[in-house]
Amino acid sequence: MSKHPYRGLTLIAAVLLLLPLVLPNSFYVDLAIRMAINAVIVLGLNLLIGFAGQISLGHAGFIGIGAYASAALPTHFGWHPLLAVVAGAIAAGALAAVLARPIFRLKGHYLAMATLGLGIIINIVVRNEAALTGGPDGMAVPPMVFGSFEISGDKPWYWIVASLLCFSIWASINLIDSPFGRALRALHGSEVASKVVGVNVLRYKLTVFVMSAMFASIMGSVTALYVGFVTPNLADFFHSIELVTMVVIGGMGSIYGSVLGAVLLTALPQALATFEGWETVVFGAILMLSMIFMPKGLVPTLAARFGKGE
Amino acid sequence: MLAEFLQFLFSGITVGSTYALAALGFTLIYNSSHVINFAQGEFIMLGGMLAVYFTHSGLGLPLSLVLAIVLPAIVGLVMEKVAIEPVKGAEPVTLIIITIGASLVLRGLVQIWLGKGTFSLPAFSGEQPINVLGATLMPQSLWVLGVTAVVVLCLWYFFARTLMGKAMLATSFNRVAAELVGINTDGVLFLSFAMSAALGALGGILITPITLTSYDAGIMLGLKGFVGAVLGGLGSGLGAVVGGLLVGVLEAMGAGYISSSYKDAMPFVLILLILFFRPSGLFGGKATDRV
Amino acid sequence: MNMALLEVQDLSIQFGGVKAVQNASFSIDAGIVYAVIGPNGAGKTTLFNLITGIYTPTAGSILLDGQPIQGKSPDVLAKRGVARTFQNLQICMNMSAVENVMVGAHLRLDRNLFKAALRWPALKARDLDLHAEALELMRFVGLEAYASASADSMSYGALKRLEIARALAMKPRLLFLDEPAAGLNPKETIEVDALIRKVADTGVTVVLVEHDMKMVMNLSDRILVLDYGRKLAEGTAAEVRRNPDVIAAYLGAHA
């Protein structure tokens, strides 16, 4: 337990506050928003991968559920955008719960396989049901409204997303140093030991998986509302791999690692935008190299190198 | 009625043979190292793409085919040495991520080198369709089925009758015990990657005249092959073959009778069903856990 | 009240063809120190694993307070006040020493995840109390030097005691110690001996598996002797020491 657990958070909050003053134009603001969105998703995913030690290879599917809920429900059924966000999160959570219950009883990489399958199925459904989803070309997303006040454009969304990020970091820090968080870490450290002290391992794994699915869905909705448009790419296999890469490179089980991983790997595709093949190669190389040489990820490795501290 | 059924069946077992070869590849590597090699699909793709490249370069079909099998095998060896051996005792999550990384590297490199186009190979013995009870069977399908059958037989012989094959089996049952009796388990792992890659590449070559190939053809083929391996029971060679064929047939039947736009989704619905109801697959044993 | 705390009736388990435990029957009264001894492979750890829910028996029953518990999972048994340590240490190396102990108190805490995420004041206060309690437990088992250490920096002997502290954090009624002295030097063994005595004095019923005969004879109120999964003898230390079957099978060279 550290004396100043929120020091990193304060730093990040400060950066987020000052960033709009420093960024030259809206391209960079957009980038910052995307980084923050990914960071929140990765925080949730890291709970699953870094703490429960399970891997999800289809997380983009949950993002897609939230994104398309925000697109389709208001457009085709007249739902209020906020309700659509909630509906998406519930759907994602329910799907995760149904999927995970039988899977977590098994040992090994079964969740990886199951989430792989689920992610691909969601992607195919989204591509096929053009009447609902606009098919491979995607569809427009009605913006979030409160009465007559419409939230659109990068300014309001920047602040919304920045707040969400700060809140998520704060909540994650609190969570880790709590009975729930300790049980989770114990589960990762020694499943047998955690069982023996009374941790219902199945229920914890399930909870974490459902939580990370709902985080992803909500941020999918946020992405949809911010961009104003959704395409099936949001929910494809490569996107799922990108997210796992962010967790891995930042550090499995590390909160700040999640943020760092998201920042680095959201910027990377932008830098490699014209070199599509190279983007794939670089992602693959990063995955391989970091797992071989730095399996703990950037933040934990650096933290260990420079002594225990924050 | 019958003609339609046969049509779906033929196309199902044709593509199912490729899945079977891929599934065998997964099984081989899984058995010698408990690694699920997500790059398996890229070996399939490499087979097809290299065959196209060499034939277009004027090397003639037979030589191109040989190269298109040997080169991926070498790639497999390199991958094992560079990416798998250094992290021998790592957590399963780590290994899965490494193989995913390897698959991205392979796919990206091919994309850069050969572009995003779709390519085909000439059918090995012409394109004259054969009429069977009202259904059409392409000669290439016969090649696919025939070669796959021969390969499976050879593998069976290899594992059942040769010392090397038995050594590989021993390693898959108990790695430590195998080492203790003098089996070079590192060598077994090395060989299993080469064999997996070759099998995958072969499958890719055989199917290219029918389904074409491109830099990203490997993803789906590999994943479906993986479903086949799980369906048959991860770790069982017979299961891999049966599983792969079954996935192909069910996919074709599903596409034909239920919905063709969801063709690609069928194998993944299948894997969810397997994991829900019978995770050890058709032929996989139930693993007992010693605490 | 004469009902035994734990009663084992005709318990058996088979792994394939190996009958690891066969028709074991015995009972343990509350408040005593009960030892299970026997040669390696006699089924002692298997018996522990059966009682603590890690294995499900193929036959027989286990009654805690008269209620059957066989086949129930470890986390359910934890709720009933059953705690254990492991022969092969099961320490969470990814956590600090104190946190390992705090995990032991898992069931006594508010595990609500929303309150945790929002830093509910009552939860936070309780956590601080728990931290102090955990440090106290570490002091009890002699680990005060490791108050701010991480688990992966501790010695084997210290980790064995950490497991005991974690088990005590559960405030158990029944504590199973699986070879608490294994791998310890003579000095450490004496310390563990004293520690177990201290624990028993607090009223916890202690069941231990141990090879160190001196320790067993010293500590135990009653002893169960297993051989090839079967009960060979049961009684007080003096009775067991005199039992000719036991001497023949096991104690021969050691007494």
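When the chains are written out, they are named A, B and C in that same order, and each has its own residue count from 1.
Convention: contacts are C-beta pairs under 8 Å (C-beta built on N, C-alpha and C of every residue); 3 or more make two chains touch, one makes a residue touch a chain.
The shown structure was predicted, so the numbers you read here are calculated from the model rather than taken from an experiment.
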| item | value |
| --- | --- |
| Farthest chain (mean CA position) relative to chain C | B |
| Middle chain, criterion being Cα centroid separation | A |
| Euclidean distance of C-alpha centroids - chain A vs chain B, Å | 32 |
| Rounded Å distance, chain A centre to chain C centre (Cα mean) | 41 |
| Whole-Å gap separating chain B and chain C, where each centre is the average of the chain's CA atoms | 49 |
| Per-residue overlap in chain B, given as positions that touch at least 2 other chains | 291 |
| Multi-chain contact sites of chain A, meaning residues that touch two or more partners | 192 |
| Where chain C touches two or more other chains, by residue | 54 |
| List of chain B residues in touch with chain A within their complex | 36, 83, 86-87, 90-94, 96-98, 100-109, 111-112, 219, 223, 226-227, 230, 261-262, 264-265, 268-269, 271-272, 275-276, 279, 287, 289, 291 |
| Footprint of chain A on chain C - complex, ascending | 52-54, 73-75, 78-79, 83-84, 86, 90-96, 99-100, 102-104, 106-107, 109-113, 116-119, 123, 127, 131, 166, 169-170 |
| Parts of chain A lying in touch with chain C, wherever the complex brings them together | 1, 170-172, 174-175, 177-183, 185-186, 188-190, 192-201, 207, 211, 253 |
| Touching residues (chain side chain A, partner chain B) in the complex | 49, 53, 55, 57, 99, 102-103, 106-110, 112-114, 116-118, 120-121, 124-125, 128, 192, 237, 241, 244, 248, 252, 276-289, 291-292, 295 |
